[in-house]
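The same chain A turns up in both complexes below, where it pairs with chain B and then with chain C.
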Partner chain A sequence: MSELTWPAKLIALVVKDFRVELRTRYSLNALIMFALVTLFALGVTFTGQNLTFRIHAALIWIMIYFAGLQGLSGGFVKEEESRTAMALRLYAPSSVIFFGKLIFSLLILTILVVFLFPLYYILMNLEITRIWIMLLVLILGIFGLSATSTITAAMVSKANVKGALFAVLSFPLMLPLLLVAISATTVCLGGGDSQALWDSLKIMIAYPVIVTAVSFLLFDYVWNN
Partner chain B sequence: MRDLDFLKIFLGILFIAVIVLSFVTGKPVRGYGDEFRIFYYHVPCAIVSFIAFLVNLIYSMKYLRSRYYLDDMKAASAAEIGIVFGVLATLTGAIFAKITWGTYWNWDIRQTSIVVLLAVYGAYFALRTAVEPEERRSAFSAVYAILAFIAVPTFGFVVPRLYDSLHPKDTLVSGGKIALGGTVAVVFFGSLIAFTILFFWLFNLRWRTGLLERSRMEKSYE
Partner chain C sequence: MRFGLRGVFKDISFRLASPSSLTVTGPNGSGKSTLLKIIAGLLVPTSGRVRMESDSDEIKAESRRKLMAMVSPEMNFYDELTGAENLEFFMKASGSRLKPEEIEEALNEVGLQGRGDDYLKAYSSGMRMRLKYALAILKQPEIMIVDEPSTNLDASGRKIIYDLMHRHQQNGILIFATNEDDEIAIANERINLAR
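And then the complex of A and B:
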């Protein structure tokens, strides 16, 4: 077999992960069902209630966050469980693994949000005043959640207790992002002022980039240990 | 350690002086009553917990280079003491909040921030108990400590600036200059120095006891 180039390996890894995902539905089924159940619970609880912009924003992000927690560690955990991690380690340099898994998380979260957000919009009678910025906030949020979860997922996959530990480790790293995402979303739905929006967007761009850079530098220590 | 004995005596005298002076000198800040005296303890605790997390970061980075177990032990010791001082800062803050704002806890952004910081280092210890063997545990916790330190400045300095807060501002540093007056500054910095020495003493004791625990464990295996 001839040696693939770096981008080709990256694409191969993502395609492989996606194919395995489509066959086994390791992450997606649980993720989507979790989101549906939560949405259903919220819908029943809040029928006829007039929720403020802030509550809507908080509910949206709490839902994305908790649904994400169900599926985001899957990328690494399934490699350890099926004992394919060693083969992967031989096949590709750690940078390919890091960005491959990051892109895979991005895809999973994107599917979740594409599914969840319109449903929330319809079921909860949401009104969005700044639709394009809302879209940007969602994209940045997805990027941030994937970036912060990649290295914690890699750590968790080698730990004794997996599920609970992933939530514990990711929560503090994701919280700054969630807080600013909630305030940005509040503004997009119609509350608050544009200065607050701009401040939040700056953090939503800067924080994931810093986390990605630092976790990329540290990834070797986790992956090859 | 013998030659550092004078430091312990100095620390004892300094703490006595700070405790006495913090109660007998004039009211520290205009606009607040005697309750503001708690800031002589609250702010140094917060600063020392920050120093502790910084020490944790430094030893974590050192561990990844050296792979020497003592560096990992020192990092964990610093984080433990950092949590203790963080809790103390939270408690003294809550007492102050009860007196000035009427409730112990009102999810002010400062209070939220410090709880998140404590959660970060709580997670650090959760990770330490969940990973084996020792080399992997040490490497993972060092990695997590470095990642966690991204959250420390974010929550310590960035996020509190973005939200309205009831927390007193500009009492310590205002426009890049130290804003405390005469005696208040003396007592405050005396307290800060005392708490800092206390931290390094506790830190030293903690990693040395850690070393003893480790050697006892090794003996019990034999």
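And then the complex of A and C:
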């Protein structure tokens, strides 16, 4: 028996979560199905119509947000529902649990965006003028949504009406991020100016860092009380 | 300890030094499991505290986890993982990497030889309980906390865990909740939580 470092414990938790996810498709199926249905509905509704950059940007982030809502609460909720949370509390340090679940949410949301964004791009005949900045906006948006959903999911996991409560609690927290993500995406698609993009990016960089830091400070109390 | 307006128990005070054992008895709803969870750090008491010391220095909450193992019917492992994967994950999460032969040895000790590669969803309730003891064996804790030790276990399972409890109380601290006479007799000390 040999001693493990903190990162090795973190990797063990993420690997466990992925192993369980791949064997049950608890989050991924819900995310992908919701994304496909939304994408199909949008494709049928807006085919041949000339949408503004802002509407495209709003549709992209609304899809990511709502698809994310379907699966992102899963990490903690499933631990409580299957009563594995007690063993996890006993054996894993809370810092490992917080960052492990955050990384799991990040990876799940990344899979969703990698699947969803190219499909939207093709289906809606989109043109992106600032492709690398668009990638950065997507990465920062994913980070912000994952950070917010991780602490919100931890808070609602012990409640009776988890799904509804997760949506109600996470929406006001994610709204500022969604609004700046829509603004930044609008510029990346060709609308707006560089100053607006830079202003949005500053908020998008600060938001996940602040949410992650505050969530980490709160997590021990939320998880153990 | 209170849940909302309802008080569960009060004025509980005891000291244990290694090696020793304590059994918590009392009728249903008297708070036996709650007391064990408070000792394990899974619940925060309404008032009072649990203090753990090593050489007169208080052991901090985060470090206590390393010293403890708990077995409880309320605690589940992952159905989607095999028995061996569950043991490997929980030991890694608590900071120890195991060799496959160490896992096999622990499984043998609780009578689950050859079942390590089976998914947990294929385990009976008794086998699941045995797997929790296998994890406690691997953890080699200073303090072992057991809620209803023989729940779901057959005669051979009970013999295995009674041997384990006897061995543990000679080397560390054993705290368990039960109302079974056979089990009460194992402990050196007893707290009765009358309602």
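Definition applied: the second predicted complex is superposed on the first by the 222 of 225 C-alpha atoms of A that agree within 3 Å, B and C clash if a C-alpha of one lies under 4 Å from a C-alpha of the other, contacts with A are read in each partner's own complex, and residues count from 1 in each chain.
Just so it is clear, a residue touches a chain if its C-beta (ideal position, glycine included) is under 8 Å from a C-beta of that chain, and two chains touch if they have at least 3 such contacts.
Model, not experiment: these values are computed from the prediction.
In the overlay built on the shared chain, the residue A:211 is in contact with chain B alone; chain C does not reach it.
Of the two partner chains placed by the overlay, only chain C lies in contact with A:82; chain B stays clear of it. Applying the stated contact rule after C-alpha superposition, one finds that A:225 touches each of chain B and chain C. Using the contact criterion defined above for the overlaid structures, shared-chain residue A:172 touches chain B, although it does not reach chain C. After overlaying the two complexes on the shared chain, residue contacts for A:135 are found with neither chain B nor chain C. By the touch criterion defined above, A:13 lies against chain C but remains apart from chain B after alignment on the C-alpha atoms of chain A. With both structures placed on the common chain, the touch criterion links A:91 to chain C but leaves chain B unconnected. Once chain A of one complex is fitted onto chain A of the other, the partner contacts of A:161 are limited to chain B, with no touch recorded for chain C.
Residues common to the contacts of chain A with chain B and with chain C across the two structures: 225.
Every residue of chain A that touches chain B in the complex is listed here, in rising order: 151-152, 155, 158-161, 165, 168-169, 171-173, 175-176, 179-180, 183, 196, 199-200, 203, 207, 210-211, 214-215, 218, 221-222, 225. Taken in their complex, chain C has these residues touching chain A: 40-42, 44, 62, 65, 68-70, 72, 74-81, 85, 89-99, 102, 138.
The part of chain B that touches chain A in the complex is made up of residues 64, 116-117, 119-120, 122-123, 126-127, 130-132, 135-136, 139-140, 142-144, 146-148, 150-151, 154-155, 158-159, 162. Interface residues of chain A facing chain C in the complex, by the touch rule stated above, are 1-4, 8-9, 12-13, 16, 19-20, 23-24, 82-84, 86-93, 96, 224-225.
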